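Paired with chain B in one complex and with chain C in the other, chain A is shared by the two complexes that follow.
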Partner chain A sequence: MGVDRRAVIGLIAGGAVGTMFTPAIWKTTGSIALWSQNWGWIPRIPKGERKYAYTTSKLCPSGSGLKVLTVDGLPLTAAGNPAHPLSQGGVSALGLSECYLLYSPARVKKPLLKTGAQFKEISWDEALGLLADKLKAAGGKAAAISGDQNGTANEVISALLAKLGCADKFFLMPSEGQAAGRAWQLMGGHGLIGYDLANADTVLALGADLFESSGATMLNARSYSAQRSSLDKPAAKLVYVGSQRTTTAYASSKWVPCLPGREAAVALGLAALLIKGGASSDAPDFADFKAFVSAGYTPDKVEALTGIKAEVLEKLAKKLTEAKKPLVVAGSEFGQGAPGAAYMAALAVNILLKRINVPGGVYATPEFPKVVDGALSRTQMASADLVKYLSSVAAGKTPAPELLITYDANPAFGLPQAPAMAKALAGAGFKAAFASFMDETAAQADLVLPASLPMERYDDVVSPYGAPFAVYSLVKPLLKKPVHDTKAACDVILAAAAKAGLALGADSFEKLLKTKVAAVAKSGGFIAGKDASPSAALAGKDVAAFSGDPWKALMEGAAYVVASPVKQDGLTLGTKTLAAALKADGAKAEDGALALTCAYKTRSGSPAVGIPAQDLTAVRDTELAGTKTVATLNAATAKMFKLEAGESIKLTGPAGEISALVALSETVMTGVVAVPMGFGHTAFDDFSKNKGQNVLAVMTATEEPATGVNSWSGSKVKIAKI
Partner chain B sequence: MSEFKEFATKWGLVVDLDKCTGCGACMISCQVENNIAPVVEASNKLRSLNWMWIFEMTNGKAFPENDAAFLPRPCMQCGKPPCVSVCPVVATDKNEEGGIVSQIYPRCIGCRYCVGACPYHARYFNWFDPIWPEGMEKAITPHASTRPRGVVEKCTLCHHRWNYAKEKARQEGKDPSALPENAYVPACVEACPTGAMYFGDLKNPKHKVHELAKSPNAFRLLEKLGTNPQVYYVSAREWVRKQGDNQLPAKEKA
Partner chain C sequence: MEDRHSAKQTCGGGVLFAIMFIVGLAGALVAGWWGFPQLLYSQNSQPIRFSHKVHAEAGGMECKQCHTYAASGQYVGLPSTEACGECHADETGGKSDSDKEIDKLVKTYVQPNKPIPWLTYQFQPDNVFFSHSAHTGFECVSCHPDVAKMDNPPVYYQDRLSTYSKQTMRMPGCERCHAELGVNNACYVCHK
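And now, the complex of A and B:
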């Protein structure tokens, strides 16, 4: 039997029809689609039990509580903890980054010792021994810089310096909290300062970018949100005064343009108008204050200083007078470098409006007790000025320290006049850096001690600046063991101190925190929750005091709150200091110089963290064009300097220069150039490195007379086409 | 345009542009939640991929008369999605209760017709494989499968969160088809610090979005195209509302 053409065609056709009736071909086609997308190098998603863990964000300065999704015990994503009073469910770009930053390529994985120009890996024993030796050798010639603004870690480090005999060389990285704290002290105030936005009906933000960089930002944002249902009229007004549309300005009902660094003049102008309208105060220096502001801060004079038209200032004063619960908050547009006078003047306005320690006003909150012998208090810490110290070292007036310890701080990047400051730091004898990431400071250190990140260690967040109530929450390790060979920095400090014969009274930071929690829990406060809202407590609601195991409650992500303010006696309006500090205000008229302001966003990270990998896409092309920093001016300013969009310019300050591309936007006031902050890293990983330039390099730090506060929010730059 | 189903539940997002600060928390929480790989060149916007993007709006006037706003843009989950009509392989569809426009990666053949058809630029094509920095893949979430190069992706209103909410409701003996407000919210809404975003069932009067979407200040993007989005915006500022429709001459009010 032969195979003819007909049989072959029949077979093929039969086969084709036959396959239509089997699922094999369809199944295979479907599978091809799946196979062709399942390459080995495409990561697979985890399949395990989903659970939530609660902790507090240490990377975000707002101290937000975090609700962390874990799968098989690994933390994956962080959202805001709805029950935590400082987050109320909201989370910033920095808080969000806590999980994945554990695996950042920039992490320091082992202790490193610099030999020549290179780092070599050493063991923890060697590192500890070396640090102990250096501590012994340095004696009173040590200094420490901490990037933690409020934690008990600062007690440990300041106590160590006290043991060495140089407690006055303990410095915090500059922050608004410090400058505001100094201002409050100079006015005779007691306690820490906080602002009760939740209960205020009119908030005037003088420079302070309340939702991005000033104070308890997340609490501020949540308070704002709660007052606006989007259906009815807002329950509160928010007015922003500043030289650019900051994050807060976008959410405000009105933006009042004002030259950067001139917040004090605005506040004093308002004070003059309020006094003219009948406001007064029991403060002992009220008569002097009245004379000072009435003569020096008339609306016309304020207009000349700030650019705010007299009628606009009058309207603002009227708004404050008409409000039932007004609140004035001063600060810097980028969270640092505002002069002390700005805070003092704004606090004086609050005093005139009788808004101290009342719902919706400024609250003085108590400090929790210290638990390390010899440690500095928050108030004491606020009076040491790092910029002043380093400027003095750079000028050769103060000897450089023989041992410099940096803790979660990156002063080589994050200080004004950055190149000069980095040079002063480089002069230190031996530099030991506790760093989680290979940042600019770690890169120039002699010994790098890899620090565990917040999700790998015990730590705490203690009343971040701006919270209107004292609040304490714990940070706990969510991983069974750290991702790399890192240790909690405070454990290492305690061990090294003991080894050097300077024992600080605890052998582990966890134990020390337990002591702290026990001490904190005696403050008569409560655990914040649904029925125990700190804002409601401030407004007069009775909340039952906490009884129970505080450590257990705090380990579950709760926050311990004391919502009773510190009584004030002898509060003044700070007239003398203000008058001396502002003597030179408006005296300078630079030729060809342009007022410089910065735009800081949490999405560009922080000096000690760099730009978190996932945040880079949120950085706008109006901040960073490829790898170039974008400087924004409005069309009128650009015309004055004969600049066009897209042109390259050079900005020059007294200590350095940076280049940028020009962008035109009417969101910046005339006469001001806005440059984004947080870029220009030379260390870290590819997500941070070589992206833009560090604007801090061209900022000028000036010591304010009388307050002694170094400020750089009123910096000027020369601008030239390149 | 072909006709699409009407659903009993319509998940809707309402963004109050007067409360939006453009901070980017929505974008970042979305990326982390939905496993969008971080990109070193992300500062180059031609290389980045974002389910949620924030546009900047301005009234075009010179300082000091200038006003500006930000507009977060997820997938609009159109009632008549132009992307669905053009998909040759039914990789994207509007066929599920809730009205979320699906995107089925294994079906996608990468023709990018949908990318071209979407008037909101809400769809993104993977030109590259998703590569996490070494070790960072340990922080990948179980919510959304990772997508290889060659497929299109877009916002799903965190559809997985809806599944979790329904699962939870079933476990608690409640009706999964009548979820209370906020039982299901996408990651962007959860993260928003200033509470500019509201989420819920547009058809459920107990949900705030039901009323918000009817507000005289509410509008939808390019409404006149007839795409019937499930994402609404509200602003008390007229210029913002006008720009939402690209200032086309008004014809009839829907």
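And now, the complex of A and C:
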């Protein structure tokens, strides 16, 4: 009885039947299904103890409080801190990205020294020694640029420059806060400027994109939301005047198209109508102001300058007159580059409406005391104009600094006429960049000092521009140690200064902040909370002063608030300055030139952080088509230039040119081309690099007569088909 | 003769077929029930031979002392290295197996403050939202092995293909219990 074919079939059949009664097939099938869900590249949610930690966003200019979800102590994701007055539970795209940016591939991981065209890694001791040597050698021929708009870090850096004898070479990256601050000073105002949207009943935004780039954006958004908390009629009206439908325009009850950079003319036109209707002021220059606006800013003249029809302007003036608590806020459509005259004119309207230091109006907020000897005040910092300085360096009128320190700033990318500015920066003798990412400025530096990100260091946020109350919050490290071999930049600056014999009075930034907090806590303010709302305090509610351990309270994410405005004496309407600044307002634009505006969204990041990776997927094809920038025009403008959707064009400014694809949309007014901002990086990582073009390259910075403010929101470009 | 021979052959062939069928069947059953699991699962042991019995019985500890609920009601899972270090901060220097194991814990994880790579028997994937706080009416041992009585951690069988533990509760297990108790079995209940 040998084994034949039938026996083999029997064996196989038996085996097959047997297998069906085992888990082999079913289990393997199930395991393969699960295996297919476990590809290595699928991100995993870390498992572990989940807790919330509280800090403040340093990357978001509006200084929102953050409520950060941590897993086993590691920050996982951020939301707005409901108890923080500048956040009230809201968070911007930039604040949200703070956790994720810790692991960005563009981060600088070690100190780097440029040798030839390449960087080589060096130790922190070597880096510190080199920086101290360069400080000693540079003496008074140093300069510094800070990307921090309000923190105590600026006190440290400006005090260092003061010790070197060049405090006048401390510059901030341009922002609305500086231009508005400068305007306020020129009108004889004291303190910092803020806007109480929460208590206003009619808000007129002149260019200012209140919910995206202008002032305390998150506070503005929460105030707007609170005024629309029921299905009833909104508690406040919002009107937007600007050349494109910005985020604020979409949220407004009315969008009034107006040429970019012409906000001052609108405000002065309104002032003329208000005065005609009986408005007046105790300001010493009221009579001159009345004569100036009545002659130069009649509705017809304003229409010619701005594109706003006379009857629309009259309706706006009527709205302001009828309102009980009107508020006018000026700014740029993209958070920078508005002329000083725009802020001055808008402030003048608020003065005429008697809206200074009253609920729902413009507030002058106090500065907190300085704690570093020799440091500049916020007001002094606002007076120094970086664009003016670099333009002068580029023109050879001012010598380039022998040592240039950049701190959390990317001027090689983020300034108007970017290529020319980058060239001026390149002329500096030795460039030391404190940078968290390998950005355009770090890439051309001689020494790159890797800076810890806000979630890895101590820092502070001090009264961001636009907040109607003075507010102080702390930034604290949420990680036990930085992700890479980075250090808090201010600790390095303090150590290098001491090594160079320029000790600044503290050996660590944490200790310095403790001194700052102790000084701030003597301001008679309170800790904001559910029963201590700054907006309610501004509206007249009594709030008990804070007593307790301020450092402990602030380390837990609280905000210290002073809701008492700075009294004003000798405030003027700025007539003389306005008249001089706007002398050329009626000048005819060059033939064939088109007004240029930028479309900015916080999800496009900032010059110093690039485009956050997770936000890249949110970029629309109306902003970027593949790697090409999309320029938006309306149908009438496209017809004027004989352009059609999808065609390639070249935009040319005095300092450079960019190419783009045409998109047609009625969200931009006639005679204006809108180009998205925040693209065109040549450094960073795959998420930021080589995506579109930098619109700042074709922006033109113009120094405004009398105010001395450089502005570029009214830039013009030539447009040609390619 | 030929027919008779042929019938005999047929009869013999049928028997052989049956025998071989049974051999194949038996072989497949043995291979499927004994051999296949050996092939599919790797056997791993925990990084530290942790005795739940010693901690629960001799130490008088309760499950929740280490496997705590967070304030949100979300289950924390395993204790942190710092939590172990609260009692085991220093090496014992003892010679017993237990002492050596404690010393290994202290030296390898507690002192350098490194996370202990515990193997989680019922690790659920990210797409499953399981809330222990919604299941507080059940005893721990309804779903988990009664480790409180074990001196040695159970062997961790890891599926070589899916990488999950053999003990991980699968969807049919969840669904069955939900169905028996009349609880909603819709997708969104567990998959957010």
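Note that in this section the second predicted complex is superposed on the first by the 683 of 722 C-alpha atoms of A that agree within 3 Å, B and C clash if a C-alpha of one lies under 4 Å from a C-alpha of the other, contacts with A are read in each partner's own complex, and residues count from 1 in each chain.
Note that in this section a residue touches a chain if its C-beta (ideal position, glycine included) is under 8 Å from a C-beta of that chain, and two chains touch if they have at least 3 such contacts.
Just so we're clear, the structure is a prediction, and the values are computed from it rather than from any experiment.
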- Task: Classify the contacts of A:Leu34 with the two partner chains as first (chain B alone), second (chain C alone), both, or neither.
- Result: both
- Item | chain B versus chain C as contact partner of A:Ser383, first or second or both or neither | neither
- Message: According to the stated criteria, A:Ser294 is in contact with first (chain B), second (chain C), both, or neither; which is it?
- Response: neither
- Query: Can A:Ala7 be said to touch chain B (first), chain C (second), both, or neither?
  - Reply: second
- Task: Would you sort A:Gln185 into first (chain B), second (chain C), both or neither based on which partner it touches?
- Result: neither
- Quick one: classify A:Leu76 as touching chain B (first), chain C (second), both or neither. first
- Note on the structure: Of chain B and chain C, the partner touching more residues of chain A is B
- Message: Per the contact definition in the header, classify A:Lys47: touching chain B only (first), chain C only (second), both, or neither.
- Response: both
- Message: With both complexes overlaid on chain A, does A:Gln444 touch chain B (first), chain C (second), both or neither?
- Response: neither
- Message: For A:Thr398 in the superposed arrangement: first (chain B), second (chain C), both or neither?
- Response: neither
- Item | Overlap of chain C and chain B interfaces on chain A (superposed complexes) | 30, 33-34, 37-38, 44-45, 47-48, 50
- Task: Please give the residue numbers of chain C that touch chain A in the complex, ascending.
- Result: 12-13, 15-29, 31-33, 36-37, 40, 70, 72, 74, 76-78, 80, 115, 120, 123, 125-127, 159, 161-164, 170
- Counting only contacts in the complex, chain A reaches chain C at residues 1, 3-4, 6-19, 21-24, 27-28, 30-35, 37-38, 44-45, 47-51, 72
- Item | Footprint of chain B on chain A - complex, ascending | 30, 33-34, 37-39, 41-48, 50, 69, 71, 74-77, 79-80, 89-93, 96-97, 99-100, 102-105, 211-212, 217-218, 221-222, 224-226, 228-231, 245, 247-248, 250-251, 257, 483, 601-603, 613-622, 624-627, 634-636, 665-670, 685-687, 691
- Task: Would you mind writing out the residues of chain B in touch with chain A in their complex?
- Result: 14, 16, 18-25, 27-29, 31-33, 35-36, 38-40, 42-45, 48-50, 54, 56, 58, 61-64, 66, 68-70, 105-107, 129-148, 150-151, 164, 187, 190-196, 198, 208, 211-212, 215, 234
